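Reading through the structure tokens given below for one structure.
A, B and C label the chains in the order they appear, each numbered from 1.
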Amino acid sequence: MAPFEQEIEAIVDTILEDYLHGRDIDRIDLFKQPDKDIIIDMIGKLRRIIFPGYFTEKTYRIYNAKHNLSMLIEDVMFHLTEQVGLVMGSKQEAERICLAFFRAIPQVRALVQTDLQASYDGDPAASGKDEVIFSYPGLFAITVYRLAHVLYSLGVPMIPRIMTEHAHSVTGIDIHPGATVGEYFFIDHGTGIVIGETTVIGDHVKIYQGVTLGALSTRGGQNLRGKRRHPTIEDHVTIYAGASILGGETVIGSNSVIGSNAFITSSIAPGTTVTPKTQELQLRVKEPKKENDK
Amino acid sequence: MAPFEQEIEAIVDTILEDYLHGRDIDRIDLFKQPDKDIIIDMIGKLRRIIFPGYFTEKTYRIYNAKHNLSMLIEDVMFHLTEQVGLVMGSKQEAERICLAFFRAIPQVRALVQTDLQASYDGDPAASGKDEVIFSYPGLFAITVYRLAHVLYSLGVPMIPRIMTEHAHSVTGIDIHPGATVGEYFFIDHGTGIVIGETTVIGDHVKIYQGVTLGALSTRGGQNLRGKRRHPTIEDHVTIYAGASILGGETVIGSNSVIGSNAFITSSIAPGTTVTPKTQELQLRVKEPKKENDK
Amino acid sequence: MAPFEQEIEAIVDTILEDYLHGRDIDRIDLFKQPDKDIIIDMIGKLRRIIFPGYFTEKTYRIYNAKHNLSMLIEDVMFHLTEQVGLVMGSKQEAERICLAFFRAIPQVRALVQTDLQASYDGDPAASGKDEVIFSYPGLFAITVYRLAHVLYSLGVPMIPRIMTEHAHSVTGIDIHPGATVGEYFFIDHGTGIVIGETTVIGDHVKIYQGVTLGALSTRGGQNLRGKRRHPTIEDHVTIYAGASILGGETVIGSNSVIGSNAFITSSIAPGTTVTPKTQELQLRVKEPKKENDK
């Protein structure tokens, strides 16, 4: 055996021995794990179920479309039952959950229609609703969140988070599946948005890029599990780019406007406009030397 | 039929009925829609046309390269004509636009060469131009924007936005295809950059992560369509991380430097340096107790 | 020949002529270039080597798992040697580097186990370590960085940066492979994080979304190559969302806490808590008119 091959063999043995330490990362016998690729594939198919005319593979007749959609729904039903079964450890429980999930689809679609309307109304750059459905990352992230939230509410572990993290990866918008979000929700641009697990958002709320709805401090770590850590945003609130709203007791009253880069850790009364104070005046301006200074 | 199968069938029927509400999301008979997968595939091929030696599939002889590139150009030409035809509803119009688009390729390449030079010159971490072309998200997003901008300028709907939203998804850099950008444009790191539809950027401009060139307020929604809403950035301006420059009447004069996190809503004279005032002094520092305090 | 075909032919010729300008982007005869697709595929396989039980293709018996892992390691070894050979121009050098890289795998795994522990301990929303491994972008970006850093330290050009830029694209977290990072590193949410080439990070450091560990100014461009430009973060430091810490001489002392959106360009003593001064007071609040004002 050549020296290079011998070295490789020795290294392979070293790595295989390294798996015997008994640490979390050494687990090698995992039977019940969801399949991320299948889950991501299901997201694409669920999106075709939500928007039947937009992402289908070119079906030109209504009865064909109907037939295809039936097959699509049964296909997702099958895979979802399997994946939920893997994380729940019970086929019966998985079937119960999947039926409940699909019964909620019309309700999810009704909500997504309001989100679509809000996205179109809110953005002068939108040339039409088609463009919003095809290309807006905000609507994509909200749609995935709404689907994941149903599974989260049904007590499914892991899968909802894999779904929203996929949307996070694609869009830069991180909505925890545990968050509660009302109708007509609009996210513009999106990159860098974080919406924490216990956030509650009302109806007709608009959020811009870089907004954090987060926890005040998570130094408590795992001791804080299940406790309310994120804010409440009431109806008709607009939150501009880069604002941070933190804390489980923080309530932004309805019809308030939160300006860019505002940093808020306590409640705001309804109808309030909050902006970082005289932002322009805080600038230090060094103008160029004039001609006669030379 | 087993109860589970019966339940599934009932659910499928419910969802199919849900498509009959006549809302936007219920449209099922869409004939003229662009194919996002084909458009994303074209972006990859256009990038090989822009950088012929970098992303080709291992062609080792010049005459072969030439032959392959001809085929590649004709391939993109064919698909682009088809996709533009779908959104314009006219084959003749689509052919006219595609010819104009490809006639602009040498001009796009000349601009991208200046962007490449600016990226290399501006980043001490760049070990060579090859590394910039292979791995810099800024150059990728700018290249896709420059291609999409040509289509946008030729009046093509939807497709340019699908292109820049793909780049946005890959890089976190959201440049609207309607923006106007001069030569030697450099974007460093990139994540979280938003450049709005009516922005005008001069030559030799540098932009860092988290910068927004946005609208002051979009509460006007669809009423603001087509109006100037985003700022003008003149030549040789540098804008550091997290700065926001807003408003259609805001002009940043040439040779100005905008500091990190500055928030600007009115014009700045040429040659000005703007930084959030005494940023360090605004810090509240709580030092640790000393040993003898115990 | 039809007029449209003639026009296409003329355009193809124009583009082929455009490749003869001799600019960087015109290079057509590149023999030694790494293959981005192969490198990205290797990242997936390396992740399976790091977490053998999590991303494998359903192997249910230990001896099978062992066999599969041997094959996987040899597969990555083969491709990595080839890719490194392309950028180094020497097969012998490539073999030496690949052996060194794989010898470092147990050390990388030991570090990743500490990162996993830190991610789980630090996030109350984490329902288990499985969820962290499957879906947390922070752990993904750190894992890719740790692998790329080994190659960077072995003097491999381009490939490390292609690896971390892939992670940047997937997660919005941009860690330069040249950065030095201690154990128990936790990144929450992640989008918009930038960690520069010469940054040094100690043990038990936590970083939230939108944090920049960057250079004070890069106007020196390529003249600054190889010089220390980014900060030092000592052990047990927490840096909250949106903070910027800049400059090669800036040291954040151990056990310090840097508040959201803080902007720091000089050193901070150990044990210090730094927050932007009275952030709430800086807000300008416009409350709604009361009922009796009508």
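The rule we apply is simple: contacts are C-beta pairs under 8 Å (C-beta built on N, C-alpha and C of every residue); 3 or more make two chains touch, one makes a residue touch a chain.
Remember, predicted model here, so these are calculated numbers, not experimental data.
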Notebook entry, point to check: Which chains are in contact with both chain A and chain B?
Noted result: C
Next item on the list: Give a one-word verdict, same or different, on whether chain A and chain C use largely identical residue numbers at their interface, taking over half shared as same.
Entry: different
Next item on the list: Could you grab the centroid distance between chain A and chain C? Build each centroid from C-alpha atoms only and quote it in angstrom.
Entry: 21
Item checked: In chain B, residues with contacts to at least two other chains -> 172, 191-192, 210, 242, 261, 276
Next item on the list: In the complex, go through chain C and note every residue touching chain B.
Entry: 4, 7-8, 11-12, 14-16, 18-19, 23-31, 33-34, 36, 157-158, 161-162, 165, 168-169, 172, 174, 176, 178, 191-194, 196-197, 210, 212, 214-215, 218-227, 229, 242, 244, 246, 255, 261-266, 268-278
Notebook entry, point to check: Which part of chain B faces chain C closely enough to touch in the complex?
Noted result: 49-54, 60, 62, 65-66, 69-70, 73-74, 77, 95, 99, 102-103, 105-106, 109, 112-113, 116-117, 120-131, 133-137, 170-172, 188-189, 191-192, 209-210, 238, 241-242, 260-261, 276, 279-288
